[in-house]
Every structure is written in C-alpha cells, then in structure tokens.
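Labels A, B and C are assigned to the chains in the order they are written; within every chain, residues are numbered from 1.
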Amino acid sequence: MSPEDAVPFLDYASVLVFALTGALVASRAQLDLVGFIFFATLTGIGGGTLRDLLLGQDPVFWVGRPGLLVLTSLAAVLVFFTAHLFESRYSLILWLDALALAVAVPAGVDVAIGAGAGPIVTVAMGIITGTFGGMARDTVANELPLILKQGELYVTATFGGAVVAVVLIGIGCPGVWALIACGVTVFALRAGSMLLGWNLPTYRPRPPRNKG
Amino acid sequence: MSPEDAVPFLDYASVLVFALTGALVASRAQLDLVGFIFFATLTGIGGGTLRDLLLGQDPVFWVGRPGLLVLTSLAAVLVFFTAHLFESRYSLILWLDALALAVAVPAGVDVAIGAGAGPIVTVAMGIITGTFGGMARDTVANELPLILKQGELYVTATFGGAVVAVVLIGIGCPGVWALIACGVTVFALRAGSMLLGWNLPTYRPRPPRNKG
Amino acid sequence: MSPEDAVPFLDYASVLVFALTGALVASRAQLDLVGFIFFATLTGIGGGTLRDLLLGQDPVFWVGRPGLLVLTSLAAVLVFFTAHLFESRYSLILWLDALALAVAVPAGVDVAIGAGAGPIVTVAMGIITGTFGGMARDTVANELPLILKQGELYVTATFGGAVVAVVLIGIGCPGVWALIACGVTVFALRAGSMLLGWNLPTYRPRPPRNKG
C-alpha cells in the first residue's frame, strides 16, 4: 500500500473520531440535534479543510466526497442518543480527541507530501490538520481550547509525530510505516501526558523579588 | 429569471442586512466609526467568503465587486448615527439577523448549484453562507454566538431552508421559486422560534438518581 | 526598487515582528516551547495567509518559503528564554504589534496591487493583512482583541495607512515611497493613540432620561 492509498482511510477515520468529539462538546452545550450535527461537522472537517485551502487544493476534500458529511451527521445522531450513558463526557472527549489527533496528523503529512511540500511545510500541515478542527470546536463553543491547557503535551504531540514521519520518509522508510509511526508517536505522547504527566517545562515569569 | 440571475441580488441583500447586524454589535462594543465599518464588513461578507474559498471560487466574490465593500461601509455609517434611536438594539440585531439568514441561505444554495455541487454539499454551503458571518461577528466581539442559544432554532432554520431548496429543485421546481421557498422557510422557522418558542428537543444529561 | 521587490522584505519583517508578539502572548498563557512556536507562527503568518486565500494566490506565500516558519520558530525560542527580562510584557506586545502593523499593511497593499486589485479591495487587503494575525492570536489565547480596545486607533490606523498608499500611488508617486508613507502613517496613528490619546469619537448610547 502506497501512502497515497492510505489517505482516504485516514481522512474518513479522523473525520469520524473528531466528529464524535464535536458532538460531545455540543452535548455539554445542551444543543439540539442539528446543533450536534453542526459541531460534529465543524470539528470533523475543520483541520483537513484548512490544510487543503493552504495547499491550494480546490475545492476542499469533502466537496467531492459528500459521504463525509453523512458520516459526521451519523456520528452526531449516535452521540445525541447515547451521550448520557457515559459517566464523564469530558474525559471521553479528551481520549477521543487524542485518537483523532493520532489519525489526523498522518493524514495531513500524507496530503502535504502528495502536494509536493518540503519537510518543514509538511510538519506544519500535520500540525494544522491535527489541531485546527478541535480549535474551531472549542473556540465556537466557548470551551477552553485544549492547546491552552498548561502542562500537557498537545501541539507538542502533533509536532513530535509529524517530525517522526518526515525523518522516517527522509531516510527511505516505506511511507505506510512512517505514517503508522507518526500516529503511534502522537498518541503515545498525548496519552503519556494525560496518564503519566509527561510534559515540557512551561514558561514561568520570575517570582517577584522579596523586598522585605 | 434563472436562479443564476438571482445571485447578485441575493448577495447584495444579504451583505447589506448582515452588515447592519455587524454595525449594531459594534455599537454594543462602543467602537469608533472605523470599528463599525470593520464589523459591518466582516459580518456582511464572512459567510459568502468562506463558501467561495471552500468551493474553489478564486478570487472570492467581493474582490471583483468592490461596491459591496462600499455598501457595508455605508451600512456602518448609517448605524453609527442612528443606533441610539432604537430602544432595544439586541432585539433589532436578532430580527435583522433572521432576515439576513433568509437571504444568505438561498444565495449559498444558488452558488453551490452553479458550481456543480451535489445535494449534500449544497445544503452544507447554504448553512455555511448563512451562519459563518454571524459566527465571526459574535466570536470576534466576544458576544454569545447565536448558534449556541439553547432552545432556539438557528442552524436548524438554515438547514430546513436549504433542504427545502434542494428537494424542490430535485423535483423540477423552477430555481427561482425554490430559492424563494428556501428563504421563506428559513425566516418562518427562525421567527416561529423567537415569537412562538418553536424548538427541537435539546440534549439534557440524565438527572442524578435520587440516592435517598 | 520597484514595490514588487519590496514584498519579500516586508513579508519577512512583518512575519518576524508579529511572531514576537505571538510568543509574548504565549508567555502570558505560560505555555511550553512548542506552544510558543505555535502562537508565534499563527500570529506571524495569519494575516498574509488570509490575504493570499482571498486573492486566490495558491498556495499561500509561506508554502513556497519554508524559511518563514524557521523564522517564527526562532522568534519563539528567543522570547521563551528572554521574556522574563522585560518588566511589562503587555506594553512590549503593544509596541511590537504597532511595529508589525506598520510593516504588514504596506505588504498587504503591495500584494493586492500586484494581483491587480482596485483601490477599495487594496485598502481592504491592507487592513486584513495587518489585523488578522493579531486577531487570531488574541481570539485563540482568550485575550481581549486589540481591535476591541475602546478609545484607541487600531483598525483606523491600518485604514489610514492603506488609504495613504492608494492615494499616493494613484497620483503617480513611486511605489516604494507610497509604501514607506503607508507604514509611517500606520505607526504614527497607532503611537499617537497610545502615547497622546489620539482617538475618534466612539459610539455611546444616549444616557437614560431622568424620569424624576
């Protein structure tokens, strides 16, 4: 399987899982079913849409594949009728979001390489594809964007995964394995951050000097 | 009149009415005249701009029709000098926004059909053209986005109108009547929601069980 | 030097200075180094990216010049290790932002003219290139957008500079001088507003009448 063949699968998978997180955020905002569909779709297709716009892929990926919009709508219906079964919807959002990141970053890397982008732009596209849908979801819903949570790896996880993919492809690793390694890296960094507290040092202003 | 002929009129009308709502939001934020023009323009052209970007219509519609930017500026000037005459600016925003939705959704549907989009993408473009300008307005101005107001039909109204247009065109109804029916449906659903409390059931988490 | 030759320099300078403001906002949110890079890049390339999308310049400017992303990353690293040296990071953000505006508006004007835009669209592109990166920075970071600060010239400063450029070019002034005059105007208006309190009258609702 060439990496190009993986794109449709990765796109469908990341759209579906991000759509589930969007619908769960809609449940926290207590919207109606169409509001669920709106947030599921915004979150599901947001990152890949920005990626396609930036790379000049006209029209964007879902315009030619309307089945993706059916998929986000079905995800919304599913969540609308089952969200009450979960004890902690917020923690479910966090874990589904981690899974979606782990699929969306390789999808973004793959499309960028297919469009002839160099390594730096490819890393940027992986990060954008991974983070933008969730950022749009959280900004529109007035939730704290996950990228602002202090002491957690989030953008860093997507950055790490995208770099792994670019390096592996650069040294001649078959594309499909590079994409798998990319996804595993993203998920491992994010999960390690949530479960084991992995993090990078954050910026802290110097404490005020004791004037006493 | 073919539906294509209706586009310029619909675009001008929806840009104008959305611009009025943007200027009214600027009045709530107590900005200066240029701030009014900024919000009027952002709100007026936001939805159609995103629609054109997604469909790959380069450049976007107002680049070739700068008169639209003059129109949003005039709307801003008008509101700057007359907004104090209205007793409830918020309720004026709500009603003008409903009117703008009722014009913008058919405009979006029409452009999507002209670009060769299928029914699902056409419905999505109607919703996007209708909702995105107001969403940008409310997000940038730190107002509660109207799409998050619980118990009101908002995205649902645009969805209903877009579906009506696509179904009518699908069964052979002349395009211009389908677009009129679309706008009437959007406005009726939104007005019924504001005046008569029409709504769809919203998601509610189960109440905690009584442990007593 | 033709104005076209000035674009790469203006783009690099505005990307760099906006990137510094983005990294300073990341320091206020106490993010890690990758978070700094994210905000520096979002702020640095945001305005020019939207400008290129609207004008149909595919792909956007930084896809072919990855050095720009290296530049925003270096700006982020610099701020991460030195921000604690500054007593008032907020006032540093304001002044760097003013400087970035003064470079980004002429860059936007120049690209718009190069793409064949007329005077009104050119002014709009100057404003968009100047304001959008900072707006994205403030919205995503949950800071009060600078364009909403009452009684300060912000959008107005970019508007004034863009109009100066378009008028000067219209009366036959060499492009490079028009761009310099544009940048000086933007900075002078913004600095005069911050230091001397220059402003335009803002909208104020009428005080309620005394019913006594």
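The working rule: contacts are C-beta pairs under 8 Å (C-beta built on N, C-alpha and C of every residue); 3 or more make two chains touch, one makes a residue touch a chain.
Nothing here was measured: the structure is a model prediction, and the numbers come from that model.
Peer 1: Think of each chain as a node with edges to the chains it touches; is that a line, ring, star, complete or other?
Peer 2: Graph shape, chains as nodes and touching pairs as edges: complete.
Peer 1: Could you report, rounded to a multiple of 5°, the rotation needed to superpose subunit B's C-alpha atoms on subunit C?
Peer 2: Here the rotation carrying subunit B onto subunit C measures out at 120 degrees.
Peer 1: Same or different interface residues for subunit A and subunit C, judged by whether over half of the residue numbers are used by both?
Peer 2: different
Peer 1: Using Cα averages as centroids, what's the distance between subunit A and subunit C in whole Å?
Peer 2: Taking the average C-alpha coordinate of subunit A and of subunit C, the gap between them is 28 Å.
Peer 1: Which positions in subunit C are in touch with at least two other chains?
Peer 2: 53, 58, 139 - these are the residues of subunit C that touch more than one other chain.
Peer 1: Where on subunit B is subunit C touching in the complex?
Peer 2: Those residues of subunit B that touch subunit C are 26-27, 29-38, 41, 49, 53, 58-60, 62-63, 66, 69-70, 80, 83-84, 89, 139-142.
Peer 1: Going by the contact rule at the top, pick out the subunit A residues touching subunit C in the complex.
Peer 2: 53-56, 58, 115, 117-121, 124, 127, 131, 135, 139, 144-145, 147-148, 150, 153, 155-156, 159, 199-206
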